[in-house]
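Both of the next two complexes hold chain A, though its partner changes from chain B to chain C.
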Partner chain A sequence: MIKKLFLPVILIIVISGLCLANSWKAPDQEKAKERSKETVPFIKEYVDDCKINRRICLMDAKVSLEDVKDVYFLLDSPVIKEKEDHYEPVRFAHKRHAALTKDCSKCHHFRPKDKDALETTRCSACHQDAFNPERPERIGLKAAYHQQCIACHKDEAKGPTGCKECHLQHVPDHKELVKLPDNADPFQVTAECNRCHDAQAEDMLKTAHWLWKGPSPYTTGHRKDILHGKGTTALNNY
Partner chain B sequence: MLLSRRNFFKILGAAGASTALPAGSAQAWSSKAPDDPYGCLVDLTRCVGCRKCEEECARVNELPAPERPNCQCTIFEKNRRPDDDAFTVVNRYFTGRIDNFNKPVPTYAKVQCMHCQDPACVSACIVGALTKDETGAVRYNKDKCIGCRYCMVACPFEIPAYEYDDPITPKVMKCTFCYDRISKDGGLPGCAGICPTEAITFGKRSTLLKVGKKRVKENPGIYLDHIYGEKEVGGTSWMYLSSVPFKKVKLPGLPETPSPKLSETIHHSLFSYLWSPIALFGVLAAFMSRTKKEADNPDNKGGV
Partner chain C sequence: MPKKEVDLKKVAQNVGHTSRATCGACHFNGGGGDAIKHADMSRQLLKPDRNCDVHMGGYDFSCTECHETRNHKISGRSSSVPVAEGETSCQQCHGESPHYCGDLLDHHLDNHAKSIDCNVCHAPVFAKCKPTKTWWDWSKAGDKKRKPKKDKYGKPDYNWKKGEFKWEESAVPDYAWYSGYMNRVLMGDKVDLNLDIINLTSPVGSINDPLSKITPFKIMKGIQAVDADHYHILVPHLYPRNKEDKTAYWKHLDWEKAFVDGMNAVNLEYSGSYKWKETWMYWRLDHEVMPANMALSCVQCHDSLKGERTCNRCHQDNRNVDFKKYTRKGTDFSYMKSKGRDVGHLIDKTDYINFKALGYKGDPIIYGGRFKKLPMGYSQKDKKE
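The block that comes next holds the complex of A and B.
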């Protein structure tokens, strides 16, 4: 009997393994990852055009939405990453932004002095290391991203402006951090969580999860009990 | 004639003042500011109040982590000052500016040691525990410090803090300008390196002044035509650019004369060649010999 079961179990494991390995991945995600690792030579000279001039230039060059080949970028340049690595890369929907703003000059605000260069160069071509003594007025890549994104999102009252609205923070591997005995009881688990997350624990005590009271329409015996709840009669089990 | 106590001090004071003034102008006070120091330019229009500078400052200086590092919500409700646990803090101010949606616009301002060109704290320190370095940093040597806290009284920005809770080895605590980092090639102060919007620009002070003036010139509608710290108390290494008056973000209005100028002029002119103690004891000796003569005079015997 056991031998009969053995074969299908093995088959299921192998098939599911194959499925996982071939699981679907967004094609532009891989491309964006590759692209984000690239560095481009630094552009030293640029044309200091006014905003309107720049817009006319882009119109004259017939840059339109169709020219936006790269739909999606991951902002994860080694220029920044070499120095600090606190956050996961930001996902930037390039074409969507182009379509929404209908104005490429909002980001592509200057162009390289070299006439053969592309009308729209990437941010990291001009903005690289911060505080370059030779070009003190040129901001670094990190600042260029943040100033551009946040300022525009504030102006338009649209889009994220807080840190964690764009970035995912690196979460350290909790397998290493959590130290619990085998078969730990609930109290030990909570205490272990609170060891690092005590502020969150304090905050939780002020939320409805801890303080709720009122009728529980789906609990027998408490359907009309307005004084029942975690804030009043129910026991907190941890 | 016997001098009354009041008259004696009047004469002494007048004598002192009359000799102090020409002596002071004879050896004029000169600035000891470094020629080409580093500096930082804080652009308040760029600061988004993320408090990453506080977090990074605590990390590189091995200070306790700032209170609620990731919470920008309630921390700004109280106005904070740098203390012995934090070399820098960011405060939020509502200065009356409103955005296009009629919402008040906050202005965030970072506070830290300004690293004055002619620091009052260095002048006030009686043991030379505080020094102005060539890099621009006002450095503190804990081994020399005797804990008099004159620096705390002298500082026009009220920056130095003291470890009152440490009874054995208390230190004066203030921003170090990350001396260990900036004195190395390519080193950045922790806060300037971490700032996501480059609200803090690090560089040579002379370069920063140029950058600041260029920014003001190119965006006259945004910035006030004033770089705070360019001239305040004779210039500071840390400077501020703002769109709101500096008084509204609690940066004090200060004179352009370096703080140590007056005190050092008085001090140095009073004690040059030890003339003032010599004069004092001279006057005292003359006075004593005079009273002695009067006492020895037989006519005065039996008098009251």
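The block that comes next holds the complex of A and C.
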């Protein structure tokens, strides 16, 4: 019996060892990714409270920062992804936003009608598919995220409002876009990149990473200079 | 030019976002190899432990999420080179009042943030994942017979091309007042040979400037050559240009030839005589931020909180608060030691940042802060000289 068990156990150890070695993961990010993949049942009925009542309810329920167990989210959901997928998910510091706004009702603006439900619930419980014929008044999850974040950031004159200020845009697959012969030389490659990215190439030529020199606004005696850097005057002892 | 074996078509067809690997290909190897130059950046950050760097190890941040770019200009203020194309700071995400949990301590911590850089507490040791070079004596180079010895980290103390080295792991930074500006010696600047130590870079700041903060630095120390008559830092020609090269130090081991060629290449006069001088470079520590629960605790800097009387000197709190626990909650060097880090000597350390060296009379709790004294009727007995 022991012998029979021995081989599979060793195999499992070796295989899991190999997996561990090859699959580094950032734990907080991984947790947020897993959570963002979850879908929850749709909440059909909610309490149609006014804003003030809602805030009072949350205060009366003594919902505080200490109740914020999920400190960090990725704003992403299969509900959005199945329709379109152009951007990476947005990092959202949930607890920090709770602390800064000091008002949970800003986002948790309604509550489920079910009395046993928690005071606060996920965005994606009430906001799912857009243009749901059964709930035409309910905006979809993507619109809910965008309206909530952008409107508040505009009101507060604080926080990002542009697409790429929150999202990283997916890079389109370049397998078909790039047209090059096999064994292309570096000049051919650059020319092919520039076919579409000419403006970016012009930008690149003006950067410190290309020129190895540039403005030195924080160097005493040289604050108006634009020629210092590794390519010109920087010294070191290593 | 890329190596011939590289399939450039395949590379072009697989373009993608920048990553820690793309930026790190150069920046993790500053100074000629992994972790040599930057104390807080190394190839360890490709797959870092959460305790090593919470942003990259916990949340998988890529470089450009903090070092935001615009038109290919990358923000960030290096301390080793003068060029800057924008600024990156902890505050751009965390704000000026970053301690928000409503904890009993947060009010005090946010006040601290006005006078000390985040990383004083949040990255109390540098090079904690990999040893970094902290001493480089070029004057000892050239001895091909000298056999390099390995230090306790397994790092060599010598290389005939480069000279003598010292390495440090999980080291306590040097702390200095810093306002954002740096003094730098640039090529062709005259230096003072009478000084014992020449600072190639040093932070501008003062205890009296409200905008200056106590900031952690790795100081790269070493010995290098200075023109004895013109007082320029000398630039040697090290790496042979080709097989016929007649002057490169790494081929001929002749400093004289290397300096003549090197200074000629940078269009500066060389007098023909040189002196070996000790030089220092201050490099700010901005990465390797540890998880919040590993930040320094109050008592690790404030010696005065070590005994029985802590916050209850001022606060007569009747909420049954254990002040002692609060002041001691923080970096656990015993835990770090158990994980193999070289921090045994830091366990139970107080006065971590050395207040006197920063211009205070002593622990500010007893002697007062830089702009105000707390109204705490201390007796002279408390002020032990």
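The rule is simple: the second predicted complex is superposed on the first by the 152 of 238 C-alpha atoms of A that agree within 3 Å, B and C clash if a C-alpha of one lies under 4 Å from a C-alpha of the other, contacts with A are read in each partner's own complex, and residues count from 1 in each chain.
Rule of thumb we're sticking to: a residue touches a chain if its C-beta (ideal position, glycine included) is under 8 Å from a C-beta of that chain, and two chains touch if they have at least 3 such contacts.
Note that this is a predicted model, so its numbers are computed, not measured.
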{"item": "First (chain B), second (chain C), both or neither touched by A:39", "value": "neither"}
{"item": "Touching partner for A:219 - first (chain B), second (chain C), both, neither", "value": "second"}
{"item": "Partner chain in contact with A:180 - chain B first, chain C second, else both or neither", "value": "second"}
{"item": "Touching partner for A:235 - first (chain B), second (chain C), both, neither", "value": "second"}
{"item": "Contacts of A:101 with chain B and chain C, given as first, second, both or neither", "value": "neither"}
{"item": "Superposition-derived comparison: chain B or chain C, residues of chain A touched", "value": "C"}
{"item": "Touching partner for A:154 - first (chain B), second (chain C), both, neither", "value": "first"}
{"item": "First, second, both or neither for A:143, with chain B first and chain C second", "value": "first"}
{"item": "Contact residues of chain A, present in both the chain B and the chain C interface", "value": "none"}
{"item": "Footprint of chain A on chain C - complex, ascending", "value": "1-2, 8-9, 11-17, 31-32, 36-37, 47, 50, 54, 56-60, 71-74, 77, 80-85, 93, 95, 100-102, 133, 136, 138, 180-188, 200, 204, 220-222, 224, 233, 235, 279-281"}
{"item": "Chain C partner contacts - residues on chain A that touch it in the complex", "value": "24, 26-29, 64-66, 72, 91, 93, 95-96, 99-100, 168, 171, 174-175, 178, 180-186, 188-189, 192-193, 200, 203-204, 206-209, 213-222, 228-230, 232-238"}
{"item": "In the complex, chain A residues that touch chain B", "value": "83-84, 130-131, 133, 136-137, 139-140, 142-143, 146-147, 150, 154-155, 157, 161-164, 199"}
{"item": "In the complex, chain B residues that touch chain A", "value": "46, 48, 50, 68, 70, 72, 99-101, 188, 192-198, 201-204, 207-208, 210-211, 214-215"}
